[in-house]
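Below are two complexes that have chain A in common, paired first with chain B and then with chain C.
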Partner chain A sequence: MSKGKIVSIHSFRGGTGKSNTTANLAAQVALAGKRVGVVDTDIQSPGIHVLFGLDENKMGKTLNDFLHGKCTIGEVAFNIGEKAADADGRAKLSGMNLWLFPSSIRGREISQILREGYDVNLLNQGFQGMLKELDLDYLFIDTHPGLNEETLLSIAISDILVIILRPDDQDFQGTAVTVDIARSLDVPNLLLMVNKALPKYNAADIKQTVEENFKASVAGVLPLSFDMAENASQDIFSLRFPDHEWSKALRGVSQSILEIK
Partner chain B sequence: MPGIFDRLQKEIENKQGEGGITALDLADLPPTLRKIMRLMLRELQLGYPEMTDAIASLPDAERIPSKELDESLDVLTRQGWLIRIGEGLKAIYKVNLRRKSGSNLAGGIWGTLDEKLKK
Partner chain C sequence: MTEDISNQLKTSFLFRGLPAETLRAVAQKVGTHKLAEGDVLIRKGDEGDSLFMINEGWFKIVTQDAQGGELIINQTGPGETIGEMALLDEAPRSATVIALSNAKVLELKKDAFQEILDQRPDIALTLIRSFSSRLRFSTTYIEKAIDWSQKIAAGDYSFTENTQAIMKSGGSDDDKAAQLLSAFFKMVKSVKAREDELKQKVEKLSLQIDEARRKREFEEITNTDFYASLKEQARQLRAQRKANEEE
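On to the complex of A and B.
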């Protein structure tokens, strides 16, 4: 088995900042000198490519092509360190070992997957192939919110599952479902991350409440930030604004991931 | 003329077309079966000797006795969740995940959408 770790980033509901968090965590782990892959399994509504500066013109082969047998998984890999270091934050990734495996943003290719389904064995072979072919230390899987085939598979094969929630009752109830499933699937390491916490509340209190509720470790409480909203997914926020409170808290989460043996 | 690898691959693909396990099914499996399936999800394919080596390398508390391993592999194979090619020490096991089914929406709706997306 590959020595690389699979890190799934999940949230039960949309709008938690999952793709932004995934991109930032992957970037921080790559900056720590690790070989990192990021795969977008949100096939029906892909988005993480935007944070890495990709658009339809720059994107080559995609996960959709792989699932349709049109290319190998290695051909899907987009080398961020070589090709996408074009914004202030992303420039810090120049020369780093970071690859993105994007999903297609072409309407017809998204509709084809929805219409025809796909071979889940092939998707899993793709994940394992990414780890092996690029000798990755970490593969981050960005998932669709809620529970579906891609999400459940990614949870089942994870070494580390990060569940993102907001301090919100709907998120709390949904997170309880995901935590139950993760425990049923024997995920070895479960981390929670609270995002978009109102700055007027005490982060330590939020952490304690969430940990008591879910009997799981909270790796970070990240503040709701207008600066983050203003960034509008145009750059990797924690690289562009490393001294921002959000970025500091995010680095605490990436450190927790790196400390897991 | 197809070689032995091609024939085995074809046999695996034919068997993979029949049923298979979903990730949600995994959550309902007894612990020993789930442990084997989780290992197989990461390894994709293992020969029997490699499987016993992998189980033997687990921490003491997680190891599966040989008889229980054999019985569990039989159960998983009968269910179609693992595919077994060959027998005994020469057996090769491969994980079999159920295909994600397509949409139940009427074909005409997809046809119309495709036409609009072409424009």
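On to the complex of A and C.
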């Protein structure tokens, strides 16, 4: 079995910034010289491919094909380091060891898998296969919000779980349940990350309050930013705007991940 | 139903840029109205407290000429919005809008809109962008708006303290660009006010985890066969991995 670490990125609600965070963390870790995989398990509403510049034309085999037994997991891997240098930020990834395992964005295939379901164990075999075949150091999993079966699986098998929350009531409540689940499943490393924090609010205060409530460490407080809303979903923001406050805080989180032994 | 309305919202310039989740939140606050040919949707001079989006049918926008006769300013149809400035300012309706055919419109009340803004201050930024991309400001106004937008993005609202004077002296009252910029300015102020309010809420919010609900939800998830087998599977996987490392 591979020694690579599985890092699941989770949030209780959608729109929290999971896909953007996952793509940026994976990119930073790849830039640090690691072999990195990113898998989109948000089968219902895939999104991370856009950040890596994939569209329907460029997309080959997908996780859906694998789950339907139509191909091996290796065939799903899309080599970002070789093929994604078409935007300013992404260009910095050229030559890096980074692979994306996309979910299908074809409506018919999405509704098929939602209708027919699939074997969650097979998904787990897929994860292990990704780690092994590409000899990955890290596999980042972008999850579907909430706590459905495939999300529970990705939490259960993760070495590091990053839970993203916005500083509001609903997210606090949902995050509390997720933290309890992660502890019940003995996830070895739990990191919280606050995203969309209001700009003038004191980040240290937020960090302290969240840590006190959840008894877990906050790896970063990332600001709500107009620039992010504007640009992020076209490119890897922290590569394109490395000096931006959001990017600096994001690198704090990737650093925390790299420091976990 | 909400899904239908979200899809309709997506076709309007104002809401186009919003994520699906937010659109659904907006959609829940929207009402629908049917009109027949000749029905008046908006009357000039009335208090403006809602925005309309045309779903089906056509409308004429009319005012009166100097002799008191009807003067058609414009016609408008599906996908267009009417009265969007009402979401920003208190000014009375500036023209009358009459259905030219059978028509269906969606209505978003100002109060409902403000409620959404309270929950999602980031929407305000998307809307500012929509407004400023559609409206034709003169160059100086564009520069002002860009300058302000950048400041807002950086969380710097200090310009709202000392800009009132410029707003008064610059441009006559019927200068549309000046009116729009002034509305933009008012909106920024209200965004700031809400943001300040939210900041205070954050500290209180942190104490508001409903522990009973937390426990109930935890149990709902963990009291399943799926969960039990998942837990066991995860345990085995970790044990195996540990054994491998020790080899």
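The rule is simple: the second predicted complex is superposed on the first by the 260 of 261 C-alpha atoms of A that agree within 3 Å, B and C clash if a C-alpha of one lies under 4 Å from a C-alpha of the other, contacts with A are read in each partner's own complex, and residues count from 1 in each chain.
Just so we're on the same page, a residue touches a chain if its C-beta (ideal position, glycine included) is under 8 Å from a C-beta of that chain, and two chains touch if they have at least 3 such contacts.
All figures in this text were calculated on a predicted structure; none of them were measured in a lab.
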Fit or clash - chain C, chain B, common chain A: clash
First (chain B), second (chain C), both or neither touched by A:I206: second
First, second, both or neither for A:A176, with chain B first and chain C second: second
Touching partner for A:D227 - first (chain B), second (chain C), both, neither: second
Greater residue coverage of chain A in the superposed arrangement, chain B or chain C: C
Chain B versus chain C as contact partner of A:G15, first or second or both or neither: second
Chain B versus chain C as contact partner of A:P167, first or second or both or neither: second
Contacts of A:R108 with chain B and chain C, given as first, second, both or neither: first
Common interface positions of chain A, toward chain B and toward chain C: 1, 121, 124, 149, 152-153, 156-157, 181, 184-186
Footprint of chain C on chain A - complex, ascending: 1, 3, 13-15, 45, 121, 124, 147, 149, 152-153, 156-157, 167-169, 172-173, 176-177, 180-181, 184-186, 188, 196, 198-201, 205-206, 209-210, 212-213, 223-227, 229-230
Contact footprint of chain A on chain B as seen in their complex: 16, 20, 22-24, 26-28, 31, 34-35, 38, 41-44, 54, 95-103, 105, 110, 113-114, 117-118
Chain A residues within the chain B interface of the complex: 1-2, 107-108, 111, 114-121, 124-125, 128, 149, 152-153, 155-157, 181, 184-186
Interface residues, chain C side, partner chain A - complex: 19-22, 119, 121-122, 125-126, 129, 149, 152-155, 195, 198-199, 201-203, 205-206, 208-210, 213-214, 217-218, 221-222, 226-227, 230-231, 233-235, 237-238, 240-241, 244-245
